[in-house]
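Going by the order they are written in, the chains are A, B, C and D; count residues from 1 in each one.
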Amino acid sequence: MSIFFQQLINGFFIGSVYGLFAIGYTLVFGVLDILNLAHAAIFTLGGLSALWLTTTAGLSPWEAFPLATLFSGVLGLVLYRVAFAPLRRRADSNLSGLISSIAMAIVFESAAMGIFGARTVRFPEGMFPNRVWHFGSIILTSLQLEIVVVALALMVVLTAWLKHTRTGKAVRAVAESENTARLLGINVERIVSETFFVSSALGGAAGILYGLYFDALAPNMGHSIELKGLAVIILGGMGSIPGAILGGIAFGLSEVFTVELTGMSNLRDAVAFTVLLLILILKPSGLLGRGRVREA
Amino acid sequence: MFLEFEKISRSFGGVNALSEVSFGVQAKTIHGLIGPNGSGKTTLMNVVSGLTGPDAGRLLLDGRPIHRLRPHRIAALGVARTFQNIRLFPKMTCMENVIAGQHLMGGRALFPRLFRLPSARAEERQSVANAMACLAKAGIEGRARALACSLSYGERRRLEIARAMALKPRILLLDEPIAGMRLREIEEMETLFRSLVESGVTILLIEHNMPFVMRLCQRITVLHFGQTVTTGAPEEVAEHPEVIEAYLGMKSEC
Amino acid sequence: MGMSAGNYAKKTAIVLALALGLTGICSRAPAAPKEAKIGFALSMTGAAAAYGETQKNGAQLAIDEINARAGKNGIKIVPVFEDDASQPEQGVNVFNRLIFADNVVIIIGPTLSNTAQVTDRIAQKAGVPVLGISNTAKGITDIGNYIFRDSLTEMQVIPDTIRVVKKKLGIKKVALMYGNDDAFTMSGYNAFKKALLDSHIKILTEQTFSKGDRDFSAQLTEIRSLKPDALVVSALVEEGSGIVSQARELGIPVSVPIIGGNGFNSPSLIKNAGKAAENVIVGAAWNESSSNPLNRRFVRAYTAKFGSPPDQFAAQAYAAVYIVLDALKRAGSTDNRKALRDALTHVKGLNTVLGKFSFTKNRDADCTPVVEIVKNGRFTVFGK
Amino acid sequence: MSEFFAVYGSLINFVGINALLALSLYVPLSAGQLSLGNAAFAAIGAYGSAILTMRFNVPFPLAIAAGACLSAAVAMAIGTPVLRIRGIFLAMATLAFGEVVRIVAVNLAITGGAEGLIGIPNKTTALIIYGTVAATAYFLAVLGGSRIGWSFASVREDETAAMVMGINTTRYKNGSFVLGAFIAGIAGALYAHLNFIITPGEFGFSAEVQLLIYNIVGGTRSVLGPILGAFIITVLPEVLRGVGVTAGPLRMGVNGVILLLVILYLPNGLSSLFGQKR
């Protein structure tokens, strides 16, 4: 039984990590109907820039992490200006945006590799306090707890932000229909830029937490989570904020329990992607999607 | 009756878009479908062309039930249509739009073309000639090589009609075919529709331009809140009390 | 036979002519050191970029040392570094270019075994020697008599490791964990499995993971519940250090050693896993802590130059350059590929950072693997 | 000249294979279906044909045909449910399918697992590759002008309008998907018999994206676009090497920048530089 609970914690935790990555991903998709494949690169640069700030620049984590998050947001603005804004008016902006974001991802990753090298590095040991709790044979660390809490808090805060603030409402208006939003006097360009800023800042923050927990930062660290992040936002419903976190947790649990129930970890990814395929076929709007099938 | 609606019903999420709509369209006539916005006219047209299946009721074309068929099967039975919001292929030229519309006419077979058989060239010439004829009938042969997205609003409507005619349909469904057209264009369309009917085509059209409908249609059906108010000759319909009320109501809304 | 005047004159003329000719040659290349063009096909971008990077560093260090010491009559090395982007397709293009355009005398690389399977055939066909520095898959040197490697295969390292660990710790039952979508970790897995079966150690469970995974909690929780005597892992260092630190975090006690292969033999394991790396046992081709002065100097120079200590990939690349140099000296030419190949087969007991190095009959590496254990944050010798 | 072929012979072969792969994606794209599963179909063709030649001594041409048919059959089986999904979602679904194929190849014994299928007889020649490319390009060009091609174009431009014009959109979407998979299967089979070894990793996510890049860079207005795109992208690393941009990350960055410039400034791909077709 204790294994079961430990696995439950494992699944919850890794799922929250997926959710953190996916939340910014899904935000941009919700607003622009565009898949931003450079999100994984921003995630990577967020983590690596935090590392640079703590080691080379010698800042404390409390200074470095907000700065790196901010930097990721700025990268998001650059990304939007360079790769997406010029394509907005094109009929095939979905497809061309996909490719230009891939191009930017390549540029970002090569920059990361040129600056930081290709090796896997980590934050200095003991830089960030991490306590370990034992409940019988169940083990939980404070960092795990913090990541789950951050993920859930972000879900609540972002959802509330979208629902209740002026900017949030404007973001939703733009997501619904750009033209209508424009007629309502909303500065669409500004809202879209802000969305990119927020999305990328969240992506960068996810990269920092990821690197912190797994003790691993590398220019290619975004690759393995990129595909899972996609699966998660489809599972949760593209464009849905709670869907990203809950979809992430569902995905994490499905991974963990594939291992636990079948005892065959080599089935883990196959099960995850088969589930994804089935969801797309049976309920393309995802678990918490808006019920309408988009013709993206 | 050439096209017979029998108690057609359709609801969307609990809202009845059509409830027990029944009327008939006589062969080789122009039949008007009028009613305020949201009265279910376009839904009805979608039912005919198979894009929307009815929840209940039957739809007969020449005595044959077609309400369960998929759109391309219905088209193959000779039903062509245009759309209220015009669905052209914007990145193709006018000529290409019409050639694409010839799908059911056969021709342009793959194998003769692969081996460059003489029949391929003949088919090609035939297809271009037919397309040109359709464009000419719709009065836009002059724009054959223009991209569809470069056309004026009226020209787009005509091109869509030309593309529908490429099917050589038995019945043509026109959803607001003259919306946005200038007076001269409207007159040309009138002539075109009359000549089509003379050549044996049946036309069912939705239109808000009342004088046009009254002038052109042999019979008119009025829809209101998804129900048939009345079907009859233009002058009967114009004097029908419910119609007057419905239209006055609509006008006061505007 | 007496020497007539005429005869003498004739001989003088010949000697003079020869002398003139020689000076002519000498004036064209005045006492310059001989140059050997060596091609490097390494993965400097793509999935294996982390290894290609340290390989390049290791090789560069060796070349700088050699060229600095070459003096007037020594052999200078002209490297041609090419990036195969971790893709066999680009590896082929790189090999063709090195062989036919750059006319290198030998190719060192490629980083990945999968790429070597394709590229080494091209070199074999063209008669260009190849010295693999990180190819551990079986069958690479079977491609032909021009293919060499200085990397020990997992089959050469792992049986020893298991034997030593069993003898010293008496382990009876283990959990086995491996990356199942990577050729390197798969060959390690096969070697481990065979060695474990051969020494009658029970495998309680086999768990897999994928390249790029960072979360291993599900597998490790499963493993923890089975209470193995040791955890045997075939992984590259990125995944390896994650497995090690998560295993400890999830409560697999330090008293349960974690046994790894060549992939674990890297300072970044200790760096990235931190304290969790204690009691990690590694069977490897290179011993960082070896007291061999050559090795001492290498570790010092590398760390000074690149800011971080070398790993096994760097060491094998560094050694490879010296192995080639040794063969070049005996080949009597710096551009004769056939002669270099023949000279390589005679490399015997060469003192390298990998220890005394020879090639086997089958052109595989012949050096003594060493079993190390991490104690107090350092690799120390556990047994041989 | 012979030195040129010695250095670039393999590159020329890869250009041809990649052109074929690009064309395989061009077919569903021409019917408006964004598939990211064509590398997986190539994998099916590659593994299928290689297993046939290696284990069962099936003659090479027959093995290619069988590999391509296997790939097409799989496409047919998954086509009907999957092609109900549209746009980006279809891309995701085909991507998920591709991942499943890759994972299956990693886990099966007959495919050689992660270490790959080794020892595939080397039977593919430049002549075979370019013969196939030419035949495929000709076939697709003719197809484009035929009723089938017009139907693909109609579905791509407006699926609803296509339906009411009498086009069985499901059938044509499936058809484009299956034909694309068939061509991908041929390309995969040729690749397998060129390279001695195939591994599952070569047919993963980045390969799928690569095929899309060929099409976008070259343009999808005509069959020449994907071929040109495959040529440029395949040759680019070698050209950069030639002009001295060899350092790893820098070359990767230049690659990215060039891709970005094409997508930003040549919306219809590089082939739009060479006159307008249609």
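Basically, a residue touches a chain if its C-beta (ideal position, glycine included) is under 8 Å from a C-beta of that chain, and two chains touch if they have at least 3 such contacts.
Everything numeric here is computed off the predicted structure, so don't read it as measured data.
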**Q.** Those chains which touch chain B and also touch chain A
**A.** D
Q | C-D compared against A-D, more contacting pairs | A | A-D
(Q) Report the chain whose CA-based centre is farthest from the CA-based centre of chain A. (A) B
Q: Indicate, using Cα centroids, the chain positioned nearest the centre of all protein chains shown.
A: D
**Q.** Approximate Å spacing (C-alpha centroids) for the pair chain B, chain C
**A.** 75
Q | Intercentroid distance (Cα basis), chain D paired with chain C, Å | A | 36
Q.
How many angstrom lie between the centres of chain A and chain D, each centre taken as the mean Cα position?
A. 30
Q) From the C-alpha centre of chain A to that of chain C, how far is it in Å? A) 38
Q: Would you give the residues of chain B that are in contact with at least 2 other chains, written as numbers and ranges?
A: 90-91
**Q.** Multi-partner residues of chain A (each touching 2 or more other chains)
**A.** 110, 113, 266, 269
Q) Where in chain D do residues touch two or more other chains at once? A) 103, 106-107, 248-249, 252
Q | Touch relationships between chains, expressed as pairs | A | A-C, A-D, B-D, C-D
Q. Chain D touches which residues of chain B in the complex?
A. 49-51, 70-72, 74-76, 79-81, 83, 87-92, 96, 99-104, 106-110, 113-114, 124, 163, 167
(Q) Using the touch definition from the top, list the residues of chain D that touch chain B in their complex. (A) 139, 142-143, 145-148, 150-151, 153-154, 157-158, 160-169, 278
Q | Of all residues in chain C, those that touch chain D in their complex | A | 44-45, 47, 49, 52-53, 81-83, 85, 87-90, 92-93, 96-97, 99-101, 114, 117-118, 121-122, 137, 139, 179-183, 185-187
Q: Going by the contact rule at the top, pick out the chain A residues touching chain D in the complex.
A: 33, 35, 82-83, 86-87, 90, 92, 94-96, 98-100, 102-107, 109-111, 113-114, 226-227, 230-231, 234, 238, 266, 269-270, 273-274, 276-277, 280-281, 284, 293-296
Q. In the complex of these two chains, what residues of chain D are touching chain A?
A. 34, 81-82, 84-89, 92-93, 95-97, 99-100, 103-104, 106-107, 205, 209, 212-213, 216, 248-250, 252-253, 255-257, 259-260, 263-264, 267
